[in-house]
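To start, I am sharing the structure in question, which I have written as structure tokens.
Lettered A, B, C, D, E and F in written order, each chain numbered from 1.
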Amino acid sequence: MRPSGRDLDSLRSVTIETNVTRHAEGSCLVRMGDTHVLCTASIEERTPPFLKNTGLGWVTAEYGMLPRATTTRNRREAASGKQTGRTVEIQRLIGRSLRAGIDRSAMGERQITVDCDVLQADGGTRCAAITGGWVALRLAVNKLLKAGVIASDPIVDHVAAISAGVYAGQPVLDLDYAEDSVAGVDGNFVMTGAGRLIEVQMSAEGATFSRTEMDQLMGLAEAGVTALVAVQKAATT
Amino acid sequence: MRPSGRDLDSLRSVTIETNVTRHAEGSCLVRMGDTHVLCTASIEERTPPFLKNTGLGWVTAEYGMLPRATTTRNRREAASGKQTGRTVEIQRLIGRSLRAGIDRSAMGERQITVDCDVLQADGGTRCAAITGGWVALRLAVNKLLKAGVIASDPIVDHVAAISAGVYAGQPVLDLDYAEDSVAGVDGNFVMTGAGRLIEVQMSAEGATFSRTEMDQLMGLAEAGVTALVAVQKAATT
Amino acid sequence: MRPSGRDLDSLRSVTIETNVTRHAEGSCLVRMGDTHVLCTASIEERTPPFLKNTGLGWVTAEYGMLPRATTTRNRREAASGKQTGRTVEIQRLIGRSLRAGIDRSAMGERQITVDCDVLQADGGTRCAAITGGWVALRLAVNKLLKAGVIASDPIVDHVAAISAGVYAGQPVLDLDYAEDSVAGVDGNFVMTGAGRLIEVQMSAEGATFSRTEMDQLMGLAEAGVTALVAVQKAATT
Amino acid sequence: MRPSGRDLDSLRSVTIETNVTRHAEGSCLVRMGDTHVLCTASIEERTPPFLKNTGLGWVTAEYGMLPRATTTRNRREAASGKQTGRTVEIQRLIGRSLRAGIDRSAMGERQITVDCDVLQADGGTRCAAITGGWVALRLAVNKLLKAGVIASDPIVDHVAAISAGVYAGQPVLDLDYAEDSVAGVDGNFVMTGAGRLIEVQMSAEGATFSRTEMDQLMGLAEAGVTALVAVQKAATT
Amino acid sequence: MRPSGRDLDSLRSVTIETNVTRHAEGSCLVRMGDTHVLCTASIEERTPPFLKNTGLGWVTAEYGMLPRATTTRNRREAASGKQTGRTVEIQRLIGRSLRAGIDRSAMGERQITVDCDVLQADGGTRCAAITGGWVALRLAVNKLLKAGVIASDPIVDHVAAISAGVYAGQPVLDLDYAEDSVAGVDGNFVMTGAGRLIEVQMSAEGATFSRTEMDQLMGLAEAGVTALVAVQKAATT
Amino acid sequence: MRPSGRDLDSLRSVTIETNVTRHAEGSCLVRMGDTHVLCTASIEERTPPFLKNTGLGWVTAEYGMLPRATTTRNRREAASGKQTGRTVEIQRLIGRSLRAGIDRSAMGERQITVDCDVLQADGGTRCAAITGGWVALRLAVNKLLKAGVIASDPIVDHVAAISAGVYAGQPVLDLDYAEDSVAGVDGNFVMTGAGRLIEVQMSAEGATFSRTEMDQLMGLAEAGVTALVAVQKAATT
């Protein structure tokens, strides 16, 4: 019944290939089906002005999509001179999510910027970006630990994300574009490895949903994140 | 225990004053405690290009905050040349929320723009904007109905919103700024008069939350929205 | 003969309500007929770079108009990414006018920003902004005096402004929108409480005027400003 | 007593050289002492959208200053990405002034853009731009008349402008930079050949002025404009 | 003597992997050593306004670099709100180069946009973009031919590009970043498969060069392009 | 056979008038036929941040064109809010070219900005800007030398530029607009007084060229630059 033939609670095939670029302190290419996101983590020995002399570090994220990552070509944001509202929303979400999994007082006064660039899109890019972004962050922090720049590991838990929504009247996990573009209700769930919630965003466009549906989507998401965390573990150890 | 002395499940005092400006087709000033938002609804006899000849109407929203609505002055967005990510996020949320409560095929090919401008801020501005924005929209649609421009009422239900969060370890309803600025977990809940969900956004900054907490916040919010819908009814009938 | 039935030399009804917002050091809502402007004065303990170590303070102003303050909705300047030429002109005028009434060496090295936001427009918004802006500035300076932050009052006189123009061949005071939109000659007059001139701007669009007409408009304006200063006095003492 | 040794009511030496560029329909280089402005008038066979099918033409102006027209180099506006408030104010003034001297219904539905670019600045650039801009406009209209494109002359009178201000306590005509930079009161007067007023802008920065001073400046300006109109006549006939 | 140990006239290892993205009409990933560029060609059934009704098609290019494609992170152009001068120069060069190899009258009135996004940079990105961009263009045109949308092949020849410069006093081919960053003279050579020249750009920063050196670099480049065309042929047949 | 009747290897008439503006440290008006460019050199006692404490100076250039320098009016870049790609390319070329002729370690830590503003355009504006820009730079450096601010002359040689292209199948020198707008191959050659090359840019739009043609154009250019350097010498000694 799903366009892809997947079961209602099936993730797409997920792979995380690490150290894919030469320059970044941490990097990976995460593939969730046909959604491919290149994630890099860059360490800079400075923090934003509002953190000067607080002893705290900062993790921030930026998100982009290549113009032809999508079915039809989108205008390049650099050429149009501004990021869309969607881009801004997504990169703020990625940043908040990753910060929830790190102890900023153990980072030292430095900033790690996680860039998530979508090379190919088929739905669920923001969730893939969070899941892959965490891996890039993990690898960059490993480098700091190995070099002895920081003494204790500031990362407190895994952070991963998955979508779930109501497609053709059924709750389904990990919507691809064919599902996402027609689903009236759509949620993104960011959780830790221990199953704690970081961010829940459920949204209806031209529709509404019940608490029961909300609970069903939440249940699907919990299983999905558990599976993603296992993939993260395999990729980073 | 709350800075304001309110009970955990208490709303601030809410008033909605209607028809506060001379030019707009619908308008109100919504006050939730010290948060004051001026909402206007403007009807235009045109739709965005992507709706040309579809028979559908459009509801959109814009959000702004006067520079000194806040404790310290913020830079005027018009002067800095761009809207912040926060502004963009909020106005997209208001638009989606209001569209969920209207039958766009019954609107005709016209657009209603709901402007929500915060005159004074004390937390919860986006929720106040949705609750007040619906009232402005209701009044503008009433004008179309009275004038016979549209035959049947396109508004299918009330739309209202409230925040809830975890403050000092306790789930509390309708956070004011003193609470909001220190709460680690914070949610915004948009619902219909019938109690259906439109948008749920729960977010932790530097923290996480459990499903139990999520359910508690949801429960508080349901009661809060019920009370707000009663205020909307009193204001519009 | 005037659309409003007013005499040629009649002001609209003027009220100034003070302390209308909780956060600003000084604030008022000035109403000149259906023109309503919210004015706030914000004190910051810093000056623009060009005044560093000069011992002088600075007063500046910003002006905005809510999108639906007008008969038809205007595009939000924050959304279009720039302030219009009209906005820039007006806020420069307000700033110059208020600076003419203050001894900047007695302010100390601090800046007061006066924000004038038009909630509802019916002509004469820049004059209302100056008249109300002075009241907000007066109240903010009072706060500095009361707190003992500055020793002597830097405000040397009242500053108020009124429009006058040629409508249907007759010189009239305080044009409303119905008059302003068709008047070929239109002037704005900024004066002190003592009747000294600060700024005179008379302008013809597609027309010209004589020195006699100029003198008539000036005479009307002098009487108008005298009346406005009395309202300012009543509001601030 | 004036830095230049001029009498209080003396203009600087004024020359207007016409047809200085090959491409523009009308052009001149106006020199008022060391202030040199290149003015071109460009005819386009289209009008702004708001004039479609009204039978009216349009005259508009743009103003610029080369980066090193001034004592110290100013940032190039094209490089900084926006025109300053001063530039916007000036070009709006030039446009309004020139429109006051033309019968737009006799122009036909076309637009004439007058570009005024300051090659060297020594005070009074906006007045020089208006005086020279009118000459460029006159020459461009002559071309339309000669070609038979329009039947009757739409230009109804000369338009010229001069500054006057209070320098060292004395009313003086045509301020140069040495005077302008210290004058507390400063006015720009735009008039027709017949001595009618188009625009009067008198402004005090950190000072005030009396009606007597205003009348003195106006008197100086009337004589100054009379002299400038004579130079315009010599240049265009 | 070269940092990489290559001979003076040696290219880095070059590979072109085709059809690397699912959505684009043509795509490839070109690798010249550690420089990796993702090229996509997107067909749109419209041309820029200046080509309306001319029967001609258009080929244009855009260039971007991921923020961490480089040794240290560069600011994202979409975030800073404008493309750098370097980006603009490069994308104009790519567009001109590709247009030199296509008969635009045989394309029909359609546009092909070639996006070249640098995933990893190690010098020579613009040359890699041209070489890979041509492959993406070739594949997209093949699709049009196969579908019968166009009858005859508009592509008249291969287009490829290579750099050459003076490093440590010696003419070398295909500079990598270690060489490029210190070379005083640096050239980019775009040629056809038949060895005709399309674009030659030789440039000295803080140095000069002789005609003899110019001829040596040109000679190196001719051999380099011949080799690149062979790789293009292998990838597209 | 050339529209102007010139021989294939003839320059247009060239004049360089120096010290044409009062404020700039160095200035000239260069005329190559109907192409007129005003060049000024401005000295600032600071360098860009990347040169702090290196002991090196900097030479940079900006380029602009008056809106009606051309046959039809172009949009003013300051009004459109950005410089075109063409402008950016040209000003980067001018800066690189002038830097190649100066010993930056002998300049001291100061910056010289060369502004090249086209008053009238008839092809070849970038070459005229380089040739005239060098003269402005020479004059500004002379002022530093005469004032004893720098001890030895940092200028190591003349820098001048000329175009050459293939027009109607023939190699021609110094293309004017009538030739430039139809030439398929077009080059700009920047050289020193000693005949060393600084920058060679040859470019085909919708065409290609042979090495023989390249050599012919280069030969023409060498003779052209020799003639321009003689004019520079006459103007600066």
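One rule holds for everything that comes next: a contact is a pair of C-beta atoms (placed from the backbone, for glycine too) under 8 Å apart; a residue touches a chain by one contact, two chains touch by 3 or more.
Computed from a prediction, not measured in an experiment: that's the story for all the values here.
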item	value
Chains contacting each of subunit B and subunit E, listed by label	A
Subunit E and subunit F: spacing of chain centres that average the CA atoms, whole Å	28
Chain centre separation in whole Å, for subunit C relative to subunit B (CA means)	33
Cα-centroid distance, subunit C relative to subunit E, in whole angstrom	59
Multi-chain contact residues (two or more partners), subunit A	81-82
Contact graph of the chains (line, ring, star, complete, other)	ring
Running round the ring (origin subunit E, first step to subunit F), the chains in order	E, F, D, C, B, A
Partner subunit C, residues of subunit D touching it in the complex	82, 85, 88-89, 92, 96, 99-100, 104, 187, 192, 196-211, 214, 218
Residue ranges of subunit D in contact with subunit F within the complex	21-24, 27, 34, 38, 40, 42, 44, 62, 64, 66-73, 76-79, 81-83, 87, 113, 115, 117, 119-120, 122
